[in-house]
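One structure is given below, encoded as structure tokens.
Note that the chains take the letters A, B and C in the order they are written out, and that residue 1 is the start of every chain.
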């Protein structure tokens, strides 16, 4: 049965300047972004980072795919805003801004929600851009250059490729059981069907390990690599530059406490909070209802 | 006289946790450049024989082994399997289970990477191997997106990159469609005829083996029961049938006619021989 | 409900055909690949049908439409007069059994016996009948020593037989065998050969998808050849295998014995032999006639 199972390459092929950056630099950038995002509470920095990531996406020619992949921001953002406005995750005292029936809305909540959202958005966007512009094999090569243990790296690579294969296997197994009249799409009915998938996985791994050994593949010893990435001056500059900027922003934020957390400067008017809250709740509820509807329609 | 490239000396092997041996007193010699077919019922020990050639048995699968297996002058059990890979390459029956990398080139380069081959040489070997199996230009394609026949050829390319002297194929076409089967068998024939590679094929497709193999080894219950030239072995129709095996239909035809005393010519093992003989007979008879 | 109104096909028709396919068309969900192109097919009760073609020709898609694992994008598929669209796979499984190529995809019970009982129990067979059918299957397939074994502890060829047996115990009136003899040795292939004959004798409609030409040549009465999502030939094995242009364009090969017959006795008015026995008998006849 050769049903063509495509590799899950998240890579959007291209030769842009972003594509050509060394994968280690890209990994470094992601790390820098995440550290900065989760340590600052300055919304200007956070959303600035998000904008920068979008600029990179445009440079790399992956803007459209990025938008499609980033759809999760809608449910995450709307839920964050809705919940935080109701119960801010900051220290008391909270500043009540408005009242809707028996529910109190707090202004600090809106700011903090934006901070949380900003963190997620900036990290997610940049990670997506980096992944979309790097061939998975080069990513794994970068991991090995960063001295990540070979076995771990290899297992990670294998898992990535096997995901579509196992999706296919699960579908096949479910088809086989349905063809024998198995009733119920409830989880407990379906669970025994996972035994064949598991057994298939074991057999596959056994066969694969014999095949790999028989081809001279070994997990120890000096290895060379078929995939080559050359570190250019630009890559060093980008890497060092990124780290410098991050440290700079963090240091600056610490030295200028007023810049660290803008919630004392930025005030939201009650109307703003009310509007933000209502929109978020509406969006969030419709997303949940939509998801439930789709999952029930399939059965 | 040239040295055999494969030498089994009274080899007996039992898988761990089992009582009866999978191989019993196997002794055989295979000369360089031979094309050998191995046939037998499932469970006769064919796969175990194949795995003994590169040391998977007993090194990887443990179990009890007596006797000696010498391939390419090396005693197999003294070397790790990946060392033996430089002499013996193996291809298995499920093409997809042999795929592990993101691109075809990386799949072929796996063994070379582990051997620490320098980049330039590696690039060249990969291109050569892919060209040899008819997959030129497939370097960046994903192995999982190939057809079964192509995947199997890719597996062969990966094996060839190590430049082995012996190629062992264990039921390589059982999961392939007719095109795939043809591609793989043609590949084996080319490697044997044009490149002098020793080829050992474990198969049920007796018609194809009769066409290409110089020698046939018949296994049953862990033993070698017949070992000889293809023409000689396949013409022993009754013995093979008693073992539950098929003979090429051409041979079966000759046997049936021979039983009634009609077949005077040499026993045919392929279509062309049978056609010639039958037409001769009909001319004389008519 | 609105679907029924949309496609306009009656949910049930009066027919004694086992299978009726009307203009079945199937496009993959991504919308790009046509897997089956307006296919028409009628199969009578009790027919023994072979389906051949390269991978990707549409064979698997066609069989999956028959047991409702897939729904046609256009057209209709009737099994025992019932329209598959708007019915579930489970409903159809009482009528049409599907033996998967890889038994590993089916087997999950603790023992072979449980495996054989699973199918009939799902469709509501009485316990007495189940016991009887299991006993028959065990006898026919020679599974006696394996009944209490775990399905994954028996060898792959036995597992394949268990896979087939576990569908047989459901006693469907139509059964699809997907590559039953791949990876099997000659002995097991003979068991499958006699199984197919037995099923046909009992009146079961058998559809066998296979690359094993000698197996089909020996057993089936009708062969469907598929290429590029279409049925390009629908005839007896003799007619199909004798058509050398068809074999060429579909990249298939007739059994060796048939090719021999075509180059020897056929031009002299002899049969398109499907087995060595047949050709030997004809040659013998000619030689005898020649002597007198």
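The rule is simple: contacts are C-beta pairs under 8 Å (C-beta built on N, C-alpha and C of every residue); 3 or more make two chains touch, one makes a residue touch a chain.
What you are looking at is a predicted structure, and each value in this text was computed from that prediction instead of being measured.
Two chain pairs are in question, B-C and A-C; the one with more C-beta pairs in contact is B-C.
Among the other chains, the CA centroid farthest from that of chain B is the one of A. Averaging C-alpha coordinates per chain places the centre of chain A 46 Å away from that of chain C.
Here the spacing of chain B and chain C, counted between their Cα centres, is 30 Å.
In chain C, the residues that reach two or more other chains under the touch definition are 55-56. Within chain B, residues 147-148, 175, 177 each touch two or more of the remaining chains.
In chain A, the residues that reach two or more other chains under the touch definition are 1-2, 203. On chain B, the positions that touch chain C within their shared complex are 40-43, 93, 147-148, 171, 174-175, 177-181, 204, 207, 244-246, 248-250, 252-253, 256-257, 260, 262, 270-271, 274-275, 278-279, 281-282, 284-286.
Residues of chain C touching chain A in their complex: 55-56, 60, 64, 67, 69, 88-90, 93-94, 97-98, 100-102, 104-109, 118-119, 122-123, 152, 166-167, 170.
Residues of chain C that touch chain B in their complex: 54-56, 155-157, 182-188, 211, 214, 251-253, 255-257, 259-260, 263-265, 268, 275-277, 279-280, 283-284, 286-287, 289-291. Within the complex formed with chain C, the chain A residues making contact are 1-2, 169, 172-173, 175-183, 192-193, 195-196, 199-200, 203.
Every residue of chain B that touches chain A in the complex is listed here, in rising order: 51, 54, 56, 60, 80-83, 85-86, 88-90, 92, 94-98, 100-103, 105-106, 109-119, 122-123, 126, 142-148, 151, 155, 158-159, 161-162, 175, 177.
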